[in-house]
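The same chain A turns up in both complexes below, where it pairs with chain B and then with chain C.
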Partner chain A sequence: MSSVILKNIRKSYDNESFAIHDFSITIADREFIVLVGPSGCGKSTVLNMIAGLEDITDGELFIDGELMNDVEPQSRNIAMVFQSYALYPHMSVFGNMAFALKLQHTPKAEIDSRVREAAEILGLTKYLDRKPKELSGGQRQRVAIGRAIVRKPKVFLMDEPLSNLDAKLRTQMRSEILKLRRRINTTFIYVTHDQTEAMTLGDRIVVMKDGRIQQTGTPQEVYSRPTNIFTAGFIGTPQMNFLDAELEIRDGIYCLNAGGVITVLPQDKQNNLRSVNPQPVTAGVRPEHITLGDGGKFSGTVDISEHLGSTIHLHVSTLGTDMIIAVQTMNAQKGFASGEKISYSLDGRFIHIFSKETGKNLERYDYGTFGL
Partner chain B sequence: MMKADKRFAVFMVLPALAVMLIMTVYPMASTIYYSFTDFRLLRRNISFTGLKNYASLLSNEYFLASVWNTVKFSLLAVTFEVVLGFLTALYVNSLKSLRLQKVLRTVILLPYLLPTVTAALSWRMMLSPNYGIVNQFLAPMGLPVHNWFRDIHTAFAMLVVIDVWQNMPFVFLMVYAALQSIPQEQYKAARIDGAGTIAQVWYITLPNLRTALMLCTLLRTIDTFRIFDKVNLLTGGGPAGSTTTITQYIYNSGIKSLKFGMGSACAIIMTGLVLVLSALYVRDIMNQRSI
Partner chain C sequence: MKLFGKSAKIFTGIILVLVSVFPSYWLLAMSVRPMDEMRGRISLIPSSLTLEHFRNLFTEKDFSRALANSLQVSLISLAFSLVFGVCAAYVLTRQRFRFRAKKPFNFWILIVRILPPVAFTIPLYTMFNRLGLLSTKIPALLSCILINIPFIVWFMVSFFQRLPEDIEKSARIDGASEWQLFTRIVLPLAAPGIAAVTMLSFLYAWNEYTYSIIFVQSPKNYTIPLTLATLNSEDSLTNFGLVAAGGIMSVLPVLAFVVFAQNYLIAGLSGGAVKE
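Our next item is the complex of A and B:
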């Protein structure tokens, strides 16, 4: 068992303001959890507190059921991979990977076998004698991961490990991390600002902003049922479109009035919105959930058309705002010119309704109310 | 077009080249030439004497003593400067208060900012046997009072102390700057790997500082080999030649007695020694860079 429990964790650097507020989460044994959020949201601070590299101002941290607040990093049985790799430049790849074991006075033969085993997993065997300077970015990151593996940690912490790699290598390393996870099968806590990494790697993701948890859930939950405007806008590429609208009840049925166009909300939304009063709202709709077509109730003008290969992103002026519509290239009958008039329709099933006042999602789902 | 560009480039470089030739190459070539002659300033005839000056110097026990004094001075001063500078930088860098770091940085640097003459004269006053503050502290405590610069047992040590006091800040500054550039992630990784404070210094700090420490050692070695002002002002090479360094010897036997041929040979030997030492350090630094 190597569960990690954070109970009401708070972090302050000046005893006045808090960088992390009441952070609570239970991470199950062998779970892959991703902390995601924009720069400065406190995700790395949380990771450093779990690692013991930063003091916990308030709250409790348990690893494997044991209170860890005052335990030194080396005694927490964790390993960490850093964004900058943090390799020791004067040591060889072997030296880097063997360093922790050497400090633990592990017998030489065991160090040798464990390092070679990790190097084999990561395809580093032929680079063991090289210095970090002689390796590519991807290889260096593998060494950093190898350094963590050899310790056989209970918890694997990764602080934006792919951020220094180019896009192609990042995709490759992402799948390697997934394979590695299957192979070593331990608890992973992964920090990233890249929502694609979060969505593809995590069993659950924790969306953070300003030191607070915004939402915790599986990638699918966070994508399809965002608790607030921030999460809705942060998760998903291109980001969700937001429109000013009115939530109305007509003949006992919830409808959305956007720019004078009435969209009747489907039955599940009627249930989720029960007891919500009619009010001005922010309606959110993802670019991929907008349907182009002559019969559409909404109209707009194409400003820019971005051809991305499999999809076309249309930047459209409509309803007094700019919206992005994602069109599958194979469904597009023709190209789109700037200034071209288009009509489109919104599918009520995929419209998210947020309070204009608080930014919270007004829908109540079966498993409870989302919210801050 | 290319030719015109080239001509312009040569034209722009020429003044600097001319200054370098006049100020460096010409004196160096002259010194080498004079070292093979019996050139004396007050004598018109200069005759070529081959290696006579060198042979005479290498069999002169005063010169050999001055070489030994210089090597000894250099070894002691550089060792203390590098060790103390490193430890001080480590301490200041470890302070959590940035304000305190700034204050200490300035205070520590002060001796280095003083002109050598000012520093030497201040120390001469402080160590004066008659009115010096040091002896006035020692006397009431029943400790022996010294004529620090005239006592054969203390004069050399005093020169080392003063040089360390004045130049340790240089090492401090270089090491402090290098310390700031060590990525903090390396320390974090080492802590997670189980390295304590001493292990972190040994496995992270020292290897990362190696180039800076080598550079400090090289520059300080060259500088201490050329020490003249402090020796000349404070001891003049005495007592009994115990503080005579090579430069002081050149001054006494070459400049004062106007034997420029002999002085030049002496200077060439000193340059050779500095070059050999520098080459060793530079090779090490270059090896480091290629890692």
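Our next item is the complex of A and C:
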């Protein structure tokens, strides 16, 4: 049992400005939470406060129901994996993994069996006698993880653990973390600025910007119901396209007017938009939700076509901006030349409508009716 | 062109070897050359060898006492300076240790490093005199500490700043107390720096002359540099052999110490780990 509760946490490094503003979240026992956001948004700061490495300026932190604000890191029973691995260079792999247990005066035999068990899980058995500098990046990362799991911590903190690895290794380690999570089944708080990691690992994602939570939700929710333009643009690759448009009511029905083309919004959006006044809006459409086709009501000119294997990304000039359209290679009979004229259509179900003024999503979701 | 480059390199090499090695060789040669070979034209290689200078050094000049004094002063001052210097440097570099005197302390260290050592002689002399310490070895010891602590702090501060802080955070989360963190993680990682600073501080204390010549008044407390100086003057500069033998004798303990520091100090501090 190890829930983590942050209540109105604030952090100031200089007593003038705040790096974290009013951060509140309740993390359930055994939940895998991912903090994601651009560089400098305060992800590490939050993690360090949970670990006890940074003081909490204001607010309350509970682990397992106990107030932790003034508890030393060594007494919080948490483990942390750092981006830099932070292995002890003068100790062997075994020594690194055994360090915490030795400090607790765990009996030798038990240390030995726990370290060996962790090494087995992580495929490190062969390397137990090596020094960290004799290992590859991926192996070092495993040692760092191993060092954390031998302790059987209540909460597992990870600060961008994969960002020093190359793309292929990162994908591999990502799935290993998923497997690991199934095996050790404890609470995870994972920091990353990589949204793919966030989407694939998290039970819930916390999207942050400038020290504030933008949105908390399952990967699904964050992807299909972004609460504001920032989250909409941050989650999903390639990025969501944004266009200036007008929200209009015609015959009592909400429609989107983009560059003179009227798109009628579907029934669920009609409900969600209830009582929103007609106004200039920013409409967001994901590249993968745009359909190419001769019958399309919109037209544009291809600037660049990027062939990525399974998909083609078309950069298209249209409606006075640049838009990216993702086309499944399977559906593209021929390649696209730059300068080529294309037409496409937007599906009202996949259009997100944000207030031009506040950047907030204008839809109010009735949770439960959602099926995408 | 290439050939020229190579011969130029060899030539430069020879010059450098001559400049740096020859004086040492000459000192060694002098120390084992019989007296009667020292007049007139002196040959490059002594034709016969003798240990009489060394014998005289110990029988007539009481060199063993100087040796003992020097060892005492150097080792004790070294121990003090290291303990205080290394700990102070660690505390100064880590943000989690906050106290008001931190800035003034940094400034004081800089001041002691900037001012020429001679600037301290008068205040120190007055202090030692009032305390009645001038007839003891303590002033020599204290003045070595005075110079070495700021040096060690200065050197180690830059060393500690380069140690990745994540490692220490990691150890704290692993359950290390402040003391365990320092002894099990920080010291081993700082071992190469500590070894370097140990050697340099020892050398300073061993060769210290500026303060000793003023503060050490009774000959029974003379350290090696002071004794060597008296050898130079007493016999009106004729007894080269004795001076040379004294020089050699003062270098030997240093060599021994350097070998010790390189082989055992680093290994001892780091548990044999930093041997890369």
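General observations
Throughout what follows, the second predicted complex is superposed on the first by the 366 of 372 C-alpha atoms of A that agree within 3 Å, B and C clash if a C-alpha of one lies under 4 Å from a C-alpha of the other, contacts with A are read in each partner's own complex, and residues count from 1 in each chain.
Basically, contacts are C-beta pairs under 8 Å (C-beta built on N, C-alpha and C of every residue); 3 or more make two chains touch, one makes a residue touch a chain.
Bear in mind the structure is a predicted one, so any value in this text is a computation, not a measurement.
Because the two structures share chain A, they can be overlaid on it, and in that overlay chain B clashes with chain C.
Residue contacts after overlaying the shared chain place A:Ala51 against chain B and chain C alike.
Shared-chain residue A:Phe354: touches no atom of chain B or chain C. In the overlay built on the shared chain, the residue A:Phe82 is in contact with chain B and with chain C.
Across the two superposed structures, the residue set of chain A contacted by chain B and also by chain C is 48, 51-53, 72-74, 78-80, 82-84, 86-90, 99-100, 103-104, 131, 133, 147, 151. Taken together, the chain A residues at the contact with chain B in this complex read 48, 51-53, 72-74, 78-80, 82-90, 99-100, 103-104, 131, 133, 147, 151. Contact residues of chain B toward chain A in the complex are 183, 185-186, 188-195, 199, 203-204, 207-208, 210, 291. Chain C meets chain A in the complex at residues 164, 166-167, 169-177, 180, 184-185, 188-189, 270-271, 273-274, 276. Against chain C, in their complex, chain A makes its touches with residues 48, 51-53, 72-74, 76, 78-80, 82-84, 86-91, 99-100, 103-104, 131, 133, 147, 151.
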